[in-house]
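What follows is a pair of complexes built around subunit A, which joins subunit B in one and subunit C in the other.
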Partner chain A sequence: MAQTMKNRWAGLLLLVGILVVLALLPVLVNNYWLRVATGALMWAGLACSWNMLGGYAGYINFGHSAFFGIGAYATAILMGADFAVPFLATIPIGMIVTALFAVVIGAPTLRLRGAYFAIATWAFAEVLMQFATVVDFTGGTGGIGLPPFLNERFFYFAMFAAAVLTYFLTWLLFERSRFGLKVKALRDHEPAAEAMGINTSLVKLQTFVLSAVVASVFGSIFAYWVTFINPKSVFGGDITDQMVVMVLLGGLGSLWGPAIGGVALFFVNRLIWMYYGDTAFYIAILGAAIILVVLFLPNGIAGLFARRSGKSGSVLDTVLGRLLGSRQGGRS
Partner chain B sequence: MDLFLQTLLNGLLIGGVIATFSIAFQLTFGVLHVIDFAVGAWVVLGGYLAYYMAAFLGIDGFLVMPMAFVLFGAIGYLMGPMIYNVRNSRTARPELMALALTFGIFTLLRGGMLTVWGFNTHSVPTALSGHSIMIGPVTVPLIRVAAASFAVLIAGGLFFFLFRTRYGLAIRATAENRQNAALMGVNIRRLSANVYGLYAGITAMSGVLMGGIYSVNPEIGLRYTLFAFFVAVLAGLGSLGGALVAALLLGVIEAFVATYGGASYSHLAIFATLFLVLLVSPRGILRRGL
Partner chain C sequence: MTAQAPAPGDQPILFVRDVHKHFGGIQAAAGVDLEVGRGEIAGLIGPNGSGKSTLFNLVAGMETPDRGQILFDGHEIGGKKAYTIARLGLARTFQIPALFENMTVSGNLLAAAAEGHWHGAQQRADETLALLHLEPVANNRASDLSGGQQKLLEFGRVIMRQASLILLDEVTAGVHPNIRKIILEAIARLREQGTSFFVIEHDMEMVRNVCDRIIVMDSGRVVTSGAFEDIVQNSEVMQTYLGRPQ
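Moving on, here comes the complex of A and B:
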């Protein structure tokens, strides 16, 4: 018990330390590394949004880029000359549009099990991408530009705030509430969860909409940040691929796994980009990473630290606590 | 009217080639219970093998087919146990992990091919390329006829093997009920490796045919994965007879959209149909899914 308390305080201290460093980062590093950090925060947040449905509810969404793309296009179109809506107002509009899409798409597809659900979501994202390519209001293949706003710190703090909120929300909803228990129950045994009186269709839909809306927020910020988007850059399958790999690498269904996997993989991505330039090699590495993780590390990096997890409740305890606990164990 | 007939015939001929690897894909699902994302990569690899054999050794595309079957059959046979182990492991969600594994294999192969061979497009030369014959009022490229004939031969051979031999019976028994088959003395593990090898070999062979008709590049693999998924969804996962019908239907849909609507709409049409079928009838329109 004393050990658990100690681990809890140590974990909390580590978390606060990371947050302080992240908050001070703009004065510590130059603009290039700030851009890299902004990207890392975005991917950590996106991976977390995928993990809500994939990790906690056990439904593999191979079309999550659809919602990232809807958010990005909502901001791009609304900030254009036709509407001239201020940036911060486009985020909630994008969220509402995404939520509508998610309800309409999720209600029928969430009835499908396993592989059928994966195929259906993949098809949906591809349909949206093809659609954005052939219609006019998205700018077609040529894409769409946004009014440039060259303030790296603004985007860093926007992504930072979005990522912190995402993780706080995930912790609150999936680790600390009855809702999280319901979601995990339906993941582990859906008929049993139904028999316990859980409205699984509703819970699944809520999780799906939540994960979609979070992805759309990052899409909105991303569009304004890079000032130019096209169907491939925001709807492309590579975006979903990366989220899947990040979550698998970090640890499916754990709170901090997506953050670890997202940041680690994004830095690998940047390193390869710096040294080799082209992205084809990175795709091969993504594939190799998935295979190795599935074969040898099915619980991800977070699973390594949670190996001796037992009775302690929160993931904060298990992951961060074990991180420190195992170090102490090594010393003695 | 001529254009209509031409399109219909083209669609049916392509559908025949799609049917070969779709049937093998369905068989793999039936036995291994794995949706193989890598199907498109095997098609493309078969095409590349034929391209390099033709470019450097001057071997005709059609003669490469047995070579493709042996080579990729062997690779598939070696990979089979790995997939089987993941699918039957004691992790929390083996179905999901197996899906992720084949997705990883697909991504690795795609990235590897892009790294080694780049984004360039190659075509596979055969003795029949560029020739065409007249059937009534329509002109048909000879290569398509030959490809469809080979496809029929391969599919026929596969069906004969499945329905007329003892080992085929074991495979069908395993697809129907794994536990009962195991109780009858079928070595499921070895059979799974054999089936995955058979599937990879057949798929690479149809890749040679596809490379002869269209061209081959690493990014095209996704398209064939889509085709296999489309057929699987329409026919119902695991249904062999349904796959034949669905593949021909897919070939015809694709040909008509490409001819009358424009090539940029063909993907949109296929994905939209796939999505709608999943919503309306998740077990496939032929209602034979597992």
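Moving on, here comes the complex of A and C:
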């Protein structure tokens, strides 16, 4: 018990230390590294949003970039000359639009299990990308520009605030509330969760909408930050792929896993770009990360620091079992 | 058999009439009629494939009956969602323990109370851990438990539901005698508090010691029911359904 309390205090101190360093970062590093840190915070937040459904509920969403893209396009379109909505006001509008899409898509697809759900969500993102390519109001393949606001510190703090809020929300809802118990129960055994009175359809939909809305916030900030988006840059499948690998590497279904995986892989990405001027090699790194996790790190990097009393199983086992249809639990 | 529901005053906790269910060409339930009284422990026996687990699934909302009537505590529950039935006060265990494997033992108990029974859940979880002798493993992952402990934990979850009717599907099968004793004591304690039980069991010692009445199923039908002594006197039942000549 004393050791647990000691570990808790050590963890809290570490967290406060990291937050202080992050808050002071703009005065500690130059604009280039501040931009890298802004990206790292975005990916940590996006990976966390994917983990809400993929890690906590066990539903692998291969179309999560769709919600990032909806948020990005909502901000880009609303800030354009036609509407001239202030940036901060575009974020909640993007969230509402995203939530509506998530309900319409989630209600039927969340009835699907395992690989069928993964395929359906992947198809949804592809459809949205094609749609954004052919319609006029998105700028089509040519993309859409936003009013430039060249203030690195603003975007750093915007991503910082969004990431902190995302992790706080995740901790509160998934680690410290009965909602989190329901979500994890349905991940581990859906029929048993239903037998405990849990309306799993509703809980899954709530989780899906929440994860989508969080992704849309990062999409909104991203669009304003980079001042130009096109369908590929915000709906592309590679965006979801990266989130998935970041979560797997950091620790599926854990609170801090997505942060560890997101920051680590994004820094690797930037280092490769710095030294080679190209990120093709990064794809190989992603593949290697998956192999590493599957063979040696089922609980991810975060699992190395977690106190484990036992010997068997991991969230990865449960989720992959469901995805591949090789487990009884939770699939019937 | 006429499908007539009991009068409101003397309703059994579970009332099943003429329930049918088929899977493809297999008739898993072929007109099941039975009742479980309030405060009763009713045992359900029969050979493999006789329809016992299908009946549990129909009552608990895991399957929808093709036709027939299922009343639980006066509510028509045939075809209702499992979570709706659970919220009415019916809880069940599974033949193979269906634990929340990545959660701790305590987490499993709290998750069982997360819907509808949250007030005082932590205290009840602590009491349940003590009752089932699971305190030393309270913070272990459920998947790290032994087979017997997993059965205990699943039983603990139904305790957390504060149900008025508990369906137990071979809850003592293959467990150590000490764990069996813990479960039987817990059943007795819950029964004193007014909980009814409907129990699938192959262990005839357990059936004899625990159940007030035995219901025998075969080929998707109830073939007979009565006190344990009456059932074992029926040599045809013993020979055909239990494989043991009287």
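Simple rule for what comes next: the second predicted complex is superposed on the first by the 307 of 332 C-alpha atoms of A that agree within 3 Å, B and C clash if a C-alpha of one lies under 4 Å from a C-alpha of the other, contacts with A are read in each partner's own complex, and residues count from 1 in each chain.
The definition used in the following text is that a contact is a pair of C-beta atoms (placed from the backbone, for glycine too) under 8 Å apart; a residue touches a chain by one contact, two chains touch by 3 or more.
Please read these numbers as outputs of a predicted model, since none were measured by experiment.
S.K.: Identify the partner contact of A:288: answer first if only subunit B is touched, second if only subunit C is, both if each is, neither if none is.
M.R.: first
S.K.: With the two complexes superposed on chain A, say which partner A:64 touches: subunit B (first), subunit C (second), both, or neither.
M.R.: Neither partner.
S.K.: Which touches a greater number of subunit A residues, subunit B or subunit C?
M.R.: Comparing subunit B with subunit C, the partner touching more subunit A residues is B.
S.K.: For A:191, is the partner it touches subunit B (first), subunit C (second), both, or none of the two (neither)?
M.R.: So A:191 only meets subunit C here.
S.K.: Applying the document's definition of touch, where does A:181 land relative to subunit B and subunit C: first, second, both, or neither?
M.R.: Once the two structures are laid over each other on A, A:181 reaches subunit C alone.
S.K.: Tell me the contact category for A:200 with respect to subunit B and subunit C: first, second, both or neither.
M.R.: Once the two structures are laid over each other on A, A:200 reaches subunit C alone.
S.K.: Give me the intersection of subunit A's contacts with subunit B and its contacts with subunit C, in residue numbers.
M.R.: In subunit A, nothing is touched by subunit B and also by subunit C.
S.K.: Can you name the residues of subunit C that touch subunit A in the complex?
M.R.: Within the complex, subunit C touches subunit A at residues 60-62, 81-83, 86-87, 91-92, 94, 96, 98-103, 107, 110-112, 114-116, 118, 139-141, 143-144, 157, 161.
S.K.: Quick check on the complex: what are the subunit B residues that touch subunit A?
M.R.: The touching residues are 35, 82, 86, 89, 91-93, 95-97, 99-101, 103-112, 114-115, 118, 222, 226, 229, 232-233, 237, 264-265, 267-268, 271-272, 274-275, 278-279, 282.
S.K.: Touching residues of subunit A toward subunit C in the complex: what are they?
M.R.: Touching subunit C from subunit A are residues 178-179, 181-182, 184-185, 187-189, 191-200, 253, 308-315, 318, 328-329, 332.
S.K.: Which positions of subunit A touch subunit B when the two form their complex?
M.R.: Contact set of subunit A toward subunit B: 58, 60, 108-109, 111-112, 114-116, 118-120, 122-124, 126-127, 130-131, 133-134, 237, 241, 244, 248, 280-291, 293-295, 298-299.
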